[in-house]
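Input: structures, listed below.
Here chain A shows up in two complexes: once beside chain B, once beside chain C.
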Partner chain A sequence: MKKLFAMLLVVAMVLSLAACGSSNSASTTGGDTAATNNDASTTTPADSATTDSGAAIKLGGTGPLTGGAAIYGMAAKHGAEIAVDEINALGGIQFELKYEDDAHDAEKAVNAYNTLKDWGMQISLGSVTSTPAAATSAKNFEDRIFALTPSASSTAVIEGKDNVYQMCFTDPNQGSASAQYIFEQKLATKVAIIWKNDDVYSKGIHDTFISKAGELGLEVVSDTTFTSDSQTDFSVQLTEAQKDGADLVFLPIYYDAASLILTQASTKGYAPKFFGVDGMDGILTVEGFDASLAEGVMLLTPFSADATDDLTVNFVGKYNDAYGETPNQFAADAYDCIYAIYNACTAAGVTSAMSAEVTNDLMIAQFTSMTFDGLTGDGVTWDASGAVSKSPKGMIIENGAYVGMD
Partner chain B sequence: MTMKIKKMSKYTRRNFITYVMLAILFVVVQALVSTGNVSSLIKGQLVPICAYVVMAISLNLTVGVLGELSLGHAGFMSVGAFSGVVMATCLQTVVPIAWLRLAIAIITGGVFAAMVGVIVGIPVLRLKGDYLAIVTLAFGEIIKSIINNLYIGLDSGGLHMSLLTDKLNLAEGGKTILGGPMGATGVSSISTFTMGMILIVVCLTVIFNLVNSKSGRAVMALRDNRIAAESVGINVTKYKLMAFVISASMAGMAGTLFAMNYSTVVASKFDFNTSILVLVFVVLGGLGNMRGSIIAAAALTILPELLRQFQDYRMLAYAIVLILVMLATNNPTLSAAFRRFFGSFRRKKPTSDAKGGAAQ
Partner chain C sequence: MTFLTYVISGISLGSVYAIIALGYTMVYGIAKMLNFAHGDVIMVGAYVCFFATSRFGLNPVIGVLLAMFVCTILGMVIERLAYKPLRQAPSLAVLITAIGISYFLQNAAQLLWTSNPKTYTSVVGNGALQLAGGQLPISYVTIVTIVACVAIMVGLTTFTSKTKMGKAMRACSEDKGAAQLMGINVNTTISVTFAIGSALAAIAGVLLCSAYPILTPTTGSMPGIKAFTAAVFGGIGSVPGAFLGGILLGIIEIFAKAYISTQLSDAIVFAVLIVVLLVKPTGLLGKPVSEKV
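The block that comes next holds the complex of A and B.
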């Protein structure tokens, strides 16, 4: 009898969940239209992506919408949604955007990619994070579907694939740029590195940072690691950095672990300069993190939310209205992705009637020749390998906001 | 034909039905694929399903037949995956035929996993019950950690290997096969559904024959009562280790098949969660019930993808469906109803053994 009762309860849960599921999808579309309506001066509801499905170019992307890396997937999705709504409001070429969850896992990313392929994706936004992107980009290459990934920065993503392009720097690029920046700005004489040795992203940056630092004569006094299983306690790493007298700690890691490092360093009374890369972006929005601890943290990122140019102000305003937070670099990269694709489609005359394969060839021709101005840089170009060329900006956190360092 | 089936022993008949089920499945899927009636999603999942099925039946050998709880099965999968990938990359130019290269890689994966199985098994199988489960869990983590710090490269001078840091010093034109935390990238994906099905059938045959052999009965005697088994002269270490190593080797082969389906594979994929996932297949399918494992592995691999409409609540829905199924299969009222239904069914058609029983 008890078991029967338990089963009844589970059935009730499933049913309520089904209700959740549908209401959730309703609220998402609601959010979309809300985002469109924020732009009410130019948009009518008829312009929203859903009604145009017949004639719209289908864009698909996979990203971690759930799980530990969800903040990146959600940011990229939101940034892309804003751009799609703006473009659809213009009239001309119409886009229809769909993001599928890959939970930061290569196997699930391939499943998500195949779901999008079944849906009829014409141009792909690749994957948001590196490991899944390495798997989906191989599929992109095989199926001849053009991909422009907003933020998958590993070189494995583009290596040997002529139709996969990146909107962000590659990892090695970030590492050497950081070393160069620290050296040129004379930020420190003794550097400590704390990095995550089971993460592609962290390792890529660490390795090039070390070799570049060696070239420049920047002294690395402490080089310590952690893994995803041990990213709660950093006392050993911090003690070592402190003991060796490091006056700058380089953190080529994601913001979640970085927030713990900052908290634990402050409890220990150790206050070096902290320098991060684009994964540090997002640290101010960590729940339960005392944002004042992040004061003075420096990071190298191509996007700053407090820039005063029209494009950034417009984007940040819309993002804030729609999602109630300041966009990070992932959102900006995804926003730029959509516009880069839009420019290429306009120039090449891509229509929704074209097959993915035809579109693919047109896009490759465009991307190797065009120059793009966006949120994350002016005069952005791509080479035939798919890597982007743009310059990073140094940022410092002051009064709870990113401020340009130069 | 009917007469023949009737004359077969109960076990033979049950196994025969499993083979027929697989054969029908294979023919149907192949027909659907060749006529283009299968979505890319399902097509992309065919090989992973085969790999998970092999994982499930191999773990069922340890958990169901040997009766020892292993929580580190993904570790063997990992060993098989990476040794298979290294082998396949080395043979890239030597063996141009893809299926042959895959077959060699799978065998390599199986051999390496078996070797690790021996190394792990000798100390671990001295323990029993909860202690054994915890130690296998630890071994799974150790394997993951080692592979996360292992660098293997290939150049004209042969294979290079280093631990902890990338000290491969590859010659011009060399290629890093395994780059520590970056895992293996640029793997040529040569796994096919046909190869996956062949692997399932081979593993099933081995397990069925083992279970019905003298050794298999010894293993099951150990499971049911160790002291009694020992008292009649059954060598505990020998039979335990045999079942464990066969299980590990099959997991290794499944790992190679899985890895060769993706262009990238990282060690952190084969973590504790993967071990538990496979254990869920086994428990859901029924301990010792191979056909149940096959069905559970296939169904639970597809399920999360079919639940995509739940969006953010997808994994929650998955968990609830899982609880529901577990409760339903263990509910005495329901299973009595099932038995009545299939019982009457069976009396009319004695050849049909559709239910198969939750456990043997």
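The block that comes next holds the complex of A and C.
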């Protein structure tokens, strides 16, 4: 009986971890075993990306390379590697890139950041996901190491830090832009939202969407949530949306859950318009996904792998050759980060001999004044807060491919 | 009508919990250990079937059999390498080892198959049985899952009560030392238990991913924990209890979402569990435990 009691206690502990740790628990623990022997694997790509490590500017970033969120970290790392290889092949400024694993965990991210700092990181790529990025950006600010994060979209990442910049939209920006877009294009009169309760990204977009919708007079009839622990069954959320007569369902979530929602809605015979944000990108690349389910899904995204401009075609081709998959927006954002840093370094004459602090001031001056054209937007600018200004593109999925809506 | 829709959603979700819980409870009932790696064996089974059917275009039935075969081997290897050396160790040590195995499997799957999600093609087909003029669809997966649950329950009960190996299992469950003295090979018996448990995990994995068709290396962990909860709810060690617990847990979860709050649904599910365990500490169908003096 004592043993049983002890076991129950342990079980209760495990359950409570699982219940409140939410999205972190899976990825954190997932990284435990792999994080320790990760140094070897992260240095390999950096070696290949370097032609002359003596005179190269050292770029460092942290991201979830293992664990449940690894898809985002790996995409960012791969996108950045392609850009670094291209730039080094040009022969001018040389970059040396090193990514460290943070397993989507704030504490591990700070350790990874410190490793990079000891290595001599001159410019930082911040962290890939928002929760760890909030922790590492504070260190960036403290240590005066300039950071440009590809994809950590929470406002907490840049707030009060003059040297942390974002390549992606902030969450509020996406929420209000989506509401504005739905209202202006008269896509719907009654809107339902299904969002992920334990994800700052989803919550951030949801909150601003609701307030903007209220301002515009867009009627939100159903507002339901799920967590990473209940990310399997959406029948209740969909039934409520259907019962309340929503003709558009807004999904400020990542595509893995969205693909389940689309499948279950189709089984139920419920066919509203679905509207997503940048996290929806990638849904067509899920192996085995029936693309006909995503037919007519709309999303606001800065990057589409199916665009036909030279820059995108070149990037998608190289990515496919190197990693055997289609890049998502995380990869594109990271690719743009490297080029934005490259442009800034060229304009300011940054060399590898400069200290991180000197580089930091030069980069801030550049980023507040420059305009950047990249994969994820033309005429991209930054304000002094670190937030990016670029216009999201409205996309609709037709015949299994993204088509611009405007 | 909405109410009935929710009931059916609850049964669909519950049937998935139930089929996972059967494996959990069977291994616990005989080996007296909580195999926390069960959820991850499920994930491996789902991947095997996914690759067999989607990549190599094999018949779903062959895919399921292949998944069962691979999981059986995997379960026996895990048992031999990780649990057997700890046979005499305190049960806490075995429990922690099981958690370690669980993480090992998740990370190994991620290295082998990457963390990119894969969409599962249902082995049963995506259709649904339309009741009440199409207003109450019950998906074929749910029906197959419930039929499979019942078949497994009957099979397990017959196996443990009628066959020689089944008798050996019950003997081991009661007292390993005494069973050994009676000439039962305890190690083989426990190995067979794990083999059966893992084969059941493969079936559960295929049905889980057919019902909720997204497959990642962490797919098995949360349903595994929920199913474990279901097994405790129904009385751990009891095979019909696991089924009952699973179905009830699914219905409670859906009702909590539908009528109380989508935000608090998990909290409500676990609160119900606590209340049940306070009133009936051995679970709904659990045998009362008599204290050994």
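One rule holds for everything that comes next: the second predicted complex is superposed on the first by the 354 of 406 C-alpha atoms of A that agree within 3 Å, B and C clash if a C-alpha of one lies under 4 Å from a C-alpha of the other, contacts with A are read in each partner's own complex, and residues count from 1 in each chain.
The rule is short, and it goes like this: a residue touches a chain if its C-beta (ideal position, glycine included) is under 8 Å from a C-beta of that chain, and two chains touch if they have at least 3 such contacts.
Note that the structure is predicted; figures quoted are calculated from it, not measured.
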Partner chain in contact with A:Cys168 - chain B first, chain C second, else both or neither: neither
First (chain B), second (chain C), both or neither touched by A:Ala134: first
Which superposed partner A:Thr227 touches (first chain B, second chain C, both, neither): both
Touching partner for A:Ile193 - first (chain B), second (chain C), both, neither: neither
Touched partner set for A:Ile364, first chain B, second chain C, both or neither: neither
Partner chain(s) touched by A:Phe289 [first = chain B, second = chain C, both, neither]: second
First, second, both or neither for A:Thr66, with chain B first and chain C second: both
First, second, both or neither for A:Glu240, with chain B first and chain C second: second
Contact residues common to both interfaces of chain A (with chain B and with chain C): 3-4, 6-7, 10-11, 14, 18, 66, 197, 227-229
Complex contact set, residues of chain A against chain C: 1, 3-4, 6-7, 10-11, 14-15, 18-19, 26-27, 29-30, 32-34, 66-71, 74, 197, 224-233, 235-237, 239-240, 243, 255-257, 259-260, 263, 267-269, 285-290, 325
Contact footprint of chain A on chain B as seen in their complex: 39-41, 43-45, 48, 141, 145, 148-149, 166, 180-183, 185-186, 189, 262-269, 304-305, 308-317, 320-321, 323-324, 327-328, 330-333
Residue ranges of chain C touching chain A (in the complex, touch as defined): 2, 5-6, 9, 12-13, 16, 34, 36, 50, 54, 90-92, 95, 99, 103-104, 106-107, 110-111, 114-121, 126, 128, 134, 137, 139, 212-214, 216-218, 221-223, 225, 228-229, 232, 253-254, 257-258, 262-263, 265-267, 270, 289, 291
Of chain A, residues touching chain B in the complex: 3-4, 6-7, 10-11, 13-14, 17-18, 20-21, 24-25, 28, 65-66, 100-101, 103, 105-108, 110-111, 113-115, 117-118, 131, 134-135, 137-138, 154, 156, 159-160, 197-200, 202-204, 207, 227-229
